[in-house]
Amino acid sequence: ADEPLRIGLIATYSGPYADYGRQFDAGIALYLKEHGGKIAGRKVEIIKKDTGGPAPDAAKRIAQELIVRDKASILTGLDFSPNAYAVGAIATQAKTPAIVMNAASSAITTSSPYVARLSFTVQQVTEPMAKYMLKQGVKEAYTVVADYAPGVDAETAFKKAFAAGGGKIAGELRTPMNNPDFSAYVQRIKDAKPQAVFFFFPSGVMPPAFLKVWKERGMEEAGIKLFATGEATDDSYLDATGDVALGLLTSHHYSYAHNSPKNQKFVKDFAAEFGGKLRPSYFAVTAYDAMEAIELALAKTKGDIAGDKVMEALRGMKFESPRGPVEIDPATRDIVQTVYIRRTERVKGELVNVEFDQFERVKDPAKEGK
Amino acid sequence: MSEMLAFDQVVAGYGSAVVLHGLSFSLAQGQSLAVLGRNGVGKTTLLETLMGNTRVMRGAVRWCGEDLGRWPSYRRVRAGLGWVPQEREVFPSLTVEENLTVVARPGPWHLRRVYEFFPRLRERRGNYGNQLSGGEQQMLSIGRALMTNPKLLLLDEPMEGLAPIIVEELARSIRRLCESEGLPSIVVEQHPVLALEMTHQAIVLERGTVVHAGSSAALAGNARLLEGFLGVGAAEAHIHNNTGASNDSNDLDDRLA
Amino acid sequence: MEIVIFDGVAYGMLLFLIGVGLSITMGLMNFVNLAHGTFAMVGGYAASVLMSRFGMGFLPSLATAFVTAALVGAVLELVLYRRLYRAHPLDQVLLSIGIVFVSVATFTYFFGPTMQAFELPAVLDGRVSLLGVEVGRYRLFLILCGTLVLATLLLVLGRTRYGAMVRAAVDNQRVAGGTGIHVQRLFFLTFSLGCGLAGLGGALSLGMLGLEPSFPLKYLVYFLIVVCVGGAGTITGPFIAALLVGVVDVAGKYYLPQAGAFLIYVVMIVMLLLRPNGIIPRKGLA
Amino acid sequence: MRAISLSAGQLRIAEIAFWLVLAASFFLLPDKLTLMSQILIFGLFAVALDLALGYAGILTVGHAAFFGAGAYTAGLLAKHGWGEPFSGLLLALLVCVALGYMLSYLVVRGADLTRLMITIGVCVLLAELANRLSSITGGTDGLQGMVVSPVLGLFEFDLFGRTAFVYAYGVVLAVFVVVRLVTRSPFGLALRGIHDSRKRMLAIGSPVESRLRLAYALSAGVAGIAGALLAQTTQFVGIESIGFNRSAEVLIILVLGGTGRLYGGLAGAIVYMLVHDWFADLNPQYWMFWLGIFLIAVVMLGRGGIMGALSRLVKTRRPS
Amino acid sequence: MSGATTLRTRALGISFGAFRAVSDVNLVLEPGARQALIGPNGAGKTTLINLLTGVFRPTAGSIHMGEHELTTLSADKRARLGLARTFQINTLFPSLTPLLSVVLAISERDGLGAVWWRPLARHKAVYDEAHALLGRLKLDALAHVPVAELAYGKQRLLEIAIAMAARPRILLLDEPAAGVPQDESGELFEAIAELPQDISILFIEHDMDLVFRFSRRISVLVAGQILIEGTPAEIGADARVREVYLGQAGAAHRGVAHV
């Protein structure tokens, strides 16, 4: 058909989280470049819409306009969970597939049968870290999370997995989202002298602010070990975070230093396309994978874009992503993937997350329990 | 005598409203002027125009031979105009003393002298502008204008709200400032007799134009003319019984308390 | 205990350093300048770029941050702000929000949406022992800077006629002009000073807050708290308020972490109910 | 530039035309209906703010507290089985009037800056509370599971946003008529008096504080209705509904439109959101730049926002 | 409001910091009074009125109006009891017109201020009364001009119009004629004098012609305290009053007979 395939991309292009949209764009652009601008033999038209951050009412309006006016047959993007939830409702109503490129709240996929997720859930990357810490002989951990829904998700998942493995929670802290100075929290931890600390903060200014104080207080010298999820060393921010991140152990589904041929090619092409300034982060890789998933699904439906058919095609899909092997759980439409344990190191003058351990075929633990 | 100030066919007002309709007069060096007229004829507007606060649509204002044109007001002050606005408008968030010092310019007038002129101000020196009585604000406003060491004082109803005894003294000293210190004034007043006593020249305004100009003494002496312009009772002296001339020897400074 | 107070004071000093400029432009000059953070950001980026790209030292880059922000402030004053001194405060809100929007987009365009990298100079890194307490060197440096700025401003604004002139001009521009004050030049200088101070604060915040294009909006409420709780238009007021906010915030988070974000706002509301015109009210207002 | 002068009757016709044009967007902009309903809703929110800010002179940047409270009220009601929309609005109104009246005791006293900060503080506290009570509100993930019944039992909320638009239009118009009445009532005049001179109002025996409290509560109620409308038409409540940013945004909308002028809120919402939508479509990354330029230009071209500029162009004839 | 009442203070005083602006004032305003309050600048006259009307809280003494004790009552409550005033420094509604200003005062007097569900225009009687009042003060031609654009003298008149709109039982006027031309100030005072006899009036005025023409009783306040009270003739003849306040002006009024 000569009608282009219209994909509505709902993301954050402005404001404090503008990096998300930028990474999505880069991942998609790279994929399309590699595939001659076509998916399933059709030219692709990406219609970008900005939500400016978490803004479910705007997201919902945009989704509706994308479907009604712009005749988009697939919705994607969706960096923030509330936006994804709001769009999920439209997806159901319009029977249009919505492919989540980031939003990490577990229940998004259960809220609508037309939603599939290619990113991760907070629980999915948190639980392996708890297991890894136990494996390393950590008996007692203190949790620090940002006080918002994903933070609470991380805290709950960590406590559950850690306690299940016999670990003890030494204390817990939830820090406000807008928290310029972490000295009080770090001091409190220092005085509590736990064996280890696990923390979850969203990508951005919080992790470096926390790590700076961590270093200034001499917590490492005090013998307190620090663990986090990969948001703390997001590849987009790692350079700016600087040496305070050195040695930090994190768990996540993607590192730009992931050692596989697919990723090496991905990173090389990415650098060629966008120059050395922009590193692909986990946002870019999911965007890239989302395109791949659409390609594979449409290949299966032979180009049919009917929502039900596309969703059916997505279920159980497996492919090799730059992050490693991924599959879509046929029951939950959520991603199943390898979660890596990484250490921040300086390699060839660059700060990177070096993977050295891994948990394979990790499903979203929040749904496992049910 | 050379000309000090002249209005030449001035048309001025606020926004699109015209208040002065081709107003002209001139004032010779060292002469003081009374501006008379009923409410709303444009007396205040005349002074505001002189200070550069209105929109001048036509005509010219000359001060010591220079066309003031669009000069900003601070330049006019530096050129020698000392303004006492009608509603006093002291600075509320400055103390009395700050109100005075903040505008100080070099010359014969300085803080101590203003305090001697208005001893009441010295007593209240620490009060903020909005913590003064009406009359005290009036004194402060006059004192503030003096602190700029002007060559011409512009007094917009300076007597309003002052106690009779102070009015007497102030009228006398304004006249004396002109005569012995060469500091003339333009006085806008509701009490024509008082204003005429203080000045050499007088103009009467009606609807934004000059309807009479002449010497103050002549106007004061012509009760019929005065009443014609300003209404019944205008010619009655505000301060009857001007026998008090003998009191003039009393030092001004003790009396202005 | 000591360390908690010390940390609080240091944090408060940073808030003071960024906020005091706002106390001048908003409090003293009565211009509701919500774009204050923009000038802080200008200073911060100037310092960061000079250090990372041109290898300038930390101290000279602080000075440059002040100058750059003051210059940007001066230009905007000439082109935009000047016309709105007498306007309704809400028009000022609209203007300054417009400036914030433009600045956020511009900085995103030139520097990307992510944070600026910043490494503390070695002398300011780590800790030093002070009266038996191990304190962060950078925090100590912040305290020194704050005290210095406080002293300088008190001298300039309090002891000279300059401060009174600004207040007079704000009270009544028409009459200030009519008594010989060159209001335009006065406001120009004062506004630039306020912006320069913001720039200095922005550069100093590099070591603690992290700088990104959304900075002007993100911390706006903090600046406002400091200025309003302290008493807009004064210098000591925001100083005390900043210390109070800093100490309450840090101590609250230390001793009562569950209270989280609540504490600071509750304290603010209580303070404002007790002292509606600030800790040190600007005198003489009705 | 000569001002056009309109008589009271002509002004009335202009008003009716305004609402007719809005209604016509149902046919003229069939695929922008959701945007149109959100414009109406934010317009109503701005009108609510205007009651407090423009008319009562209470400087507040915390009005999202009521917008959000209204949204959560309607949202929770619909989530827990009571989906009838009008009763949801009514309950939101009652809750917000009560909340507004209570908070008015904190807000009405004090000077502008104090009020500004107290309203911000209260708003942030409520937002934080909504975040903490995530088991009820869903926290930052948002309130899910709202089921709103068809309007009048007949009209389902459809994908095209037709029902939402008609519903929002009807409600906004009805509430606006009431607000218009308020501004023309003796109470409205009293508010203008307080705005001009509180001291004189006290001297003529007006209990200024209680007048302001009433205004604040009314304003809160209208804001609550707007919030509830947004919740019902989007069938979702995000925590953003109640935060500082939303308060600031509606302030920008109102100021852009012009305060104290009744139509300012609506005009502001129409212009701001259309311009925003347009710029964001042209350039999803840097629309903020253009929007900022637009705001600056508006201030530079004329004070008092859009309605301020209009009022200089169009004069109403003085009755004589 | 109707019915005569006496306004009475007992040992009334207020201090600003260490400064005692008013102290130990026992003032009685009999029903129907036409009483002048004079005294040097800064004597405390305006402060006294501010105390009476509730702008300031006294630091000593008490205020009574008939059977009501006013001492701690708020300003608006006192106004509703029938205590009206004008301000020495214009305190008007700059953005309203004179008509609306007076309409507002009348509607607040009639307790309509909280009525938000009925348009103002329905209250025709209020408008009629406002027009009549403006007419009496010769402001009717300016009824629709924004107050901010009125000449100062007209604003002074509006001050009085707004106060009279409250149909007060007690009217306190702070230099009502300041800034009004001489012949008009006479007319103004005549209008005031013609107010119903059961209204008590206390006025501050520095224009001795007006004071001696229109007052039946004069209180002289000096340095915050009442120096002397008496008939105009007594005051005009008092040497101390001449010394501190009247100066030469007193001479003219010595022994003037009054109605």
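Quick notes on this structure:
First chain written, first letter: the chains are A, B, C, D and E, and each begins at residue 1.
Keep this in mind: contacts are C-beta pairs under 8 Å (C-beta built on N, C-alpha and C of every residue); 3 or more make two chains touch, one makes a residue touch a chain.
Because the structure is predicted, anything quoted here is derived from the model rather than measured.
The chains that touch chain A as well as chain C are D.
Touching chain C and chain E together: B, D.
Inter-chain centre distance (chain A to chain E, centres taken as mean C-alpha positions): 74 Å. The geometric centre of chain B is 28 Å away from that of chain E, both derived from CA atoms. Here the CA centre of chain C is 32 Å from the CA centre of chain D. Put simply, the C-alpha centre of chain B and that of chain C have 45 angstrom between them. For chain D, the set of residues that touch two or more other chains comprises 128, 285-288.
For chain A, the set of residues that touch two or more other chains comprises 14-15, 18, 22, 147, 176.
The set of chain B residues that touch two or more partner chains comprises 131. Checking each pair of chains for touch leaves A-C, A-D, B-C, B-E, C-D, D-E.
On the side of chain A, the complex with chain D involves touching residues 13-15, 18, 21-22, 48-50, 54-57, 60-61, 64-65, 67-69, 81-82, 85-86, 89-90, 93-94, 105, 107, 111, 147-150, 152, 176. By the touch rule above, chain D contacts chain A in their complex via residues 31-32, 34-35, 38, 128, 131-132, 134, 138-142, 144, 159-161, 230, 234-241, 280-281, 284-288. Across the complex, chain A is touched by residues 3-4, 7-8, 10-11, 104-105, 108, 112-119, 125-127, 134, 136, 138-139, 207-210, 212-214, 218-219, 222, 249-254, 257, 260-261 of chain C. Chain B meets chain C in the complex at residues 51-53, 72-74, 76-78, 83, 85, 89, 91-95, 98-99, 101-103, 105, 128-131, 144-145, 148. Within the complex, the chain A residues that touch chain C are 14-19, 22, 147, 173-181, 183-185, 187-188, 204-205, 208-209, 212, 216-218, 236-237, 239-243, 277.
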